[in-house]
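Below is one structure, written out as structure tokens, with a few remarks after it.
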Amino acid sequence: MMSLLVRDLRLAFRAGGGFGLGLAFFLLVAVLVPLGVGPEGSTLAKIAPGILWVGALLACLLSLDRIFALDFEDGSLDLLATSPIPMEGVVAVKALAHWLVTGLALTLVSPVLGVLMNLPPAGFFWLVASLLAGTPALSVIGAFGAALTVGVKRGGLLLSLLVLPLYVPTLIFGAEVVKRGAQGAEVGTPLLLLAGITAGSVALLPFAAAAAIRVNLR
Amino acid sequence: MMSLLVRDLRLAFRAGGGFGLGLAFFLLVAVLVPLGVGPEGSTLAKIAPGILWVGALLACLLSLDRIFALDFEDGSLDLLATSPIPMEGVVAVKALAHWLVTGLALTLVSPVLGVLMNLPPAGFFWLVASLLAGTPALSVIGAFGAALTVGVKRGGLLLSLLVLPLYVPTLIFGAEVVKRGAQGAEVGTPLLLLAGITAGSVALLPFAAAAAIRVNLR
Amino acid sequence: MSIWEYANPKKFMQTSAWALPWVAGLAAVSLGVGLVWGFFLTPDDYKQGSTVKIIFLHVPSAMMAINAWVMMLVASLIWLIRRHHVSALAAKAAAPVGLTFTAIALVTGAFWGQPMWGTWWAWDPRLTAFLILALFYLGYIALWEAVENPDTAADLTAVLCMVGSVFAVLSRYAVKFWNQGLHQDSTIMKVGEKDPIAPAYYLPLIVCIAGFVLLFVALVLARTRTEIRARRLQALLARERLA
Amino acid sequence: MIPDLGKYAVAVLSSYGLSVAMIVGLVLLSYVQGRRVKRQLADVEARQGKTDG
Amino acid sequence: MELVVTDLAVERGGLTVLERLSFRLAAGEALILRGPNGVGKTTLLRTLAGLQPAVQGTISLPAESLTYGAHADGLKAVLTVRENLEFWAAIHGGGDVARAMADMNLTDLADRRAANLSAGQKRRLGLARLLVTGRPIWVLDEPTVSLDQASVALFGAVVRAHLTGGGMALLATHIDLGLPEARVLDLGPFRATSPQISSGRGFDEAFA
Amino acid sequence: MELVVTDLAVERGGLTVLERLSFRLAAGEALILRGPNGVGKTTLLRTLAGLQPAVQGTISLPAESLTYGAHADGLKAVLTVRENLEFWAAIHGGGDVARAMADMNLTDLADRRAANLSAGQKRRLGLARLLVTGRPIWVLDEPTVSLDQASVALFGAVVRAHLTGGGMALLATHIDLGLPEARVLDLGPFRATSPQISSGRGFDEAFA
């Protein structure tokens, strides 16, 4: 399992592997929205929590189809299915690798984008905290969606359609944490719910995803 | 050339061809942003022009990598390159097909999303007009980006990174048209500039894109 | 005789061939009666004016939009556990019907909201939850369309339906948490208590609800028959190719 | 014969109109698909010498 | 150790393609599957590998004893030859990567990225993967596609060594592999006669 | 009409792989290219097809007279056999689709989607595409991969008919195509001796 994680990370960091592109996309959303919406500081400050979370979500989404599709195309997934590692483990490790190269990376750069979006100072801590608590759910739910669409040629867009509604609760609670945090209000409840969704998804969805992959391979 | 257009449209409408998924993505952005930002009507009305244009842009972006990558992978692009049709024609036709299934479709549904985003009534006409004037530029610029990245495995994210900066002027003028239109202000200048960008891109970029494809094939 | 016999396609085809005209006829009658009654023969509300007539479309379609998803969930579970092809195909057949009902609820709600709340659309939690439900329907249908092998598609969509149901419920709570909302609470089921809906509206509403239920059943039966035939057609063609 | 709908006529009529159109559309679509598939199946079964089920 | 297949039927795209197939393979034996295009060789191999369920019949083999080599090699273009092999070795609990590279004449290329290999070298790398899995039953689909004569001979030698060490091999191919000691099984006679709609057998009969 | 290649050098990945290659092919002739894996067959064919520039030397052939058949067939899985062929026919100005299907024994499959063809049928469809282009020079890279014996014979007959009608064919392969009348050119002797950094020839010399 460890070697699978190492390989996936290595692939992500090699040329064309996609590391940094999720980040770049997050950055671009944070740049484009002010361009589209206009430069007014107060409006931006108000929408910053929501837009930053939507941006993180879209950035996650864009790299989802790499999770399994590449291994499916070159036959690695067949070979992994006949290997001693259980498919649930494969899914979990691949979701973890995805989180490390997107979710974690997004979380770490998010304060910079908070500045671009004029986020009130009190919100920065909660932005990082909510992303840390919420992005693992994004990766696991995404891995489930990727598992459903692994047999479909260029399933990327179908994947978006399937996964985005599943992201709704995470998005709402995540953005709510940041919004309340920025206003200095109490954030306990949404943060707890966010963590709950993450815990539940991480515990259960790998099984559903592994089942979907087995169905798609046959 | 006509037969190429017909084939591309046919492929888009067949199972898994991707028609409708750009639309779905546009819809999803219009749904997710209010979920993130909050339900307040006045805030939404203020950011609606910008967000709708950003959504249209992202929806276009997501289907860009289909323009050439599928034909590259199955060898059709090599065969088209040795066919009597000039590569510039191939690029133009494929950009047109992309526009028909995304840009035009987005334009037609955009009023519905305007409702969701609480766009002021005066803005609806200008939303449609600006998308009609601006989305062809998105498709042509996107085709250029797709031509640059056609040899890269899973170039999708790299493509986003290359293309998004090129989209900036279109986005700014497009959103400006809608914003001014919604306020009842004068929209002539940005609309003219938008149309100018489209005309220029449509006239010149197919040549650059064709050159890029030839380089990538060899 | 076990209820599972109806999961046998042949048995299903026989029974549904017999039942379909009756259900369809009853649906047409009750919908016709209910809607005509509701549209022509009900008085205007003192507060809402003639818009109250929208209720006869809005409430039944909203209820059936949810019930259709529940039916798909049950059918998906039956498929996953007992692998009866008819139940998988019934779930597939129900999805476009559910989507249409969702769309009707949204459209009538929007036309109601314009005079009542002064806006076509508000990010009210119930409305938002419905929009998300529509997205789940879209994704479910798109997945059926995208996967070629019918058994694979049945398995994948069943799993999606289960996971999606959990997240749809989660979304409902999330959306409620996020915004308290304008939409009135459900009163239709509280008849016993204070009877808040005047009988003048209540009776035609009941007829319309019955009509929508029957319409749903009729459409699902008819569409399931089509799906079964399509499945068999596909198999026969495949056999022809191989032979 | 249309009842007096007052100032809400547009809202009520459009609701009824669109809803009925959607229902009729779905019914027609289901009917047409059903007929087409039934005919195709009958063709193939006739070709393969089988009886309908 | 033995691979025993009894009365097997396999399906592809919802139709049974092969049926009534029985054979057994003992340690040290190789079996070559032959048959025209589309007879179901790939389908059979995938079923044996456990990637898809059998329609009927039984496959008995020791757990985790089989490795599958498909048309696609499962190689990552951006990893080097050594990195590719080390990964598969680690997944299977650490085979001898250096030995496998030596056996398939890849040692000189150890630090070259798979993307810069020629088609034949890529295929050799795919075959070297079999060696690092350390599994006794090799199930290979057209293993010598795009190999030239010299490489085919190299492959023959590796298979022979594997058999001598008590391994087994099941190979599907259209061309000559240079393994005269292997038994040959022609799949033609096992073609499903009146192809059934296999996945929904109850389904089809209900209409008949 | 004639294809004349004079003192050609071709490059792949920035390195010259073949050089000093000259041959000519007249109407009605076929030439089979042979050579071990990685010698540069694919590279040569792509250069002849005009998909990449030659490092040195000249290729003279009538404009728009050549069609290239690569490993990938350029087929769309969701289109039917007929739709695929009609597309390529329309692009090349309307070849005879029905005749091409008849020649490659595809008429029965006309309305089947390419996705549901077996590997061999897919390859036959790829070869039928050559017929609808109506072009006289066929440049084919391993055309018989994954074809069984019967289909190889069918292919041989089609090529022979094409030659009889005044066409030409250039085929790269490792195996026997059943075309005894074709000349064979072994590429081994044309391997570039001291591979040059071809893309920057001035560049290379500047450092020497």
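Order of writing sets the labels: A, B, C, D, E and F. Residues in every chain begin at 1.
What we mean here is this: contacts are C-beta pairs under 8 Å (C-beta built on N, C-alpha and C of every residue); 3 or more make two chains touch, one makes a residue touch a chain.
Just so it is clear, the structure is predicted and the values come from calculations on it, not from any experiment.
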Set of chains adjacent to subunit A and to subunit C: B, E
Subunit B to subunit F, fewest steps along touching chains: 1
By count of C-beta pairs in contact, the leading pair of chains: A-B
Size of the rotation, in steps of 5 degrees, that lays the CA trace of subunit E over subunit F: 180
Geometric centre distance via CA averages, subunit B-subunit A, whole Å: 24
Subunit B and subunit C, separation of their C-alpha mean positions in angstrom: 34
Subunit A-subunit F separation of Cα centroids, rounded to whole Å: 45
Centroid spacing, where centroids are CA-atom means, of subunit C and subunit F in whole angstrom: 56
Multi-partner residues of subunit A (at least 2 other chains): 16, 152-153, 155, 158, 161, 164-165, 168, 172, 218
Touching two or more other chains - residues of subunit F: 116
Junction residues of subunit C - those touching two or more other chains: 9-10, 132, 135, 138, 142, 146, 148, 175, 178, 232, 238-239
Subunit A residues within the subunit E interface of the complex: 2-4, 7, 10-11, 14-17, 73-76, 78-85, 217-218
Contacting residues of subunit C [partner subunit E, same complex]: 8-11, 85, 149-151, 231-232, 234-235, 238-239, 242-243
Subunit A partner contacts - residues on subunit E that touch it in the complex: 46, 49-53, 64, 66-68, 70-76, 78-79, 83, 86-88, 90-93, 129
Touch list for subunit B against partner subunit C, complex: 15-16, 20-21, 24, 27-28, 31, 34-35, 38-39, 41, 44, 115-116, 118
Subunit E-touching residues of subunit F, taken from the complex the two chains share: 13, 36-38, 116, 118-121, 142, 145-151, 174-175
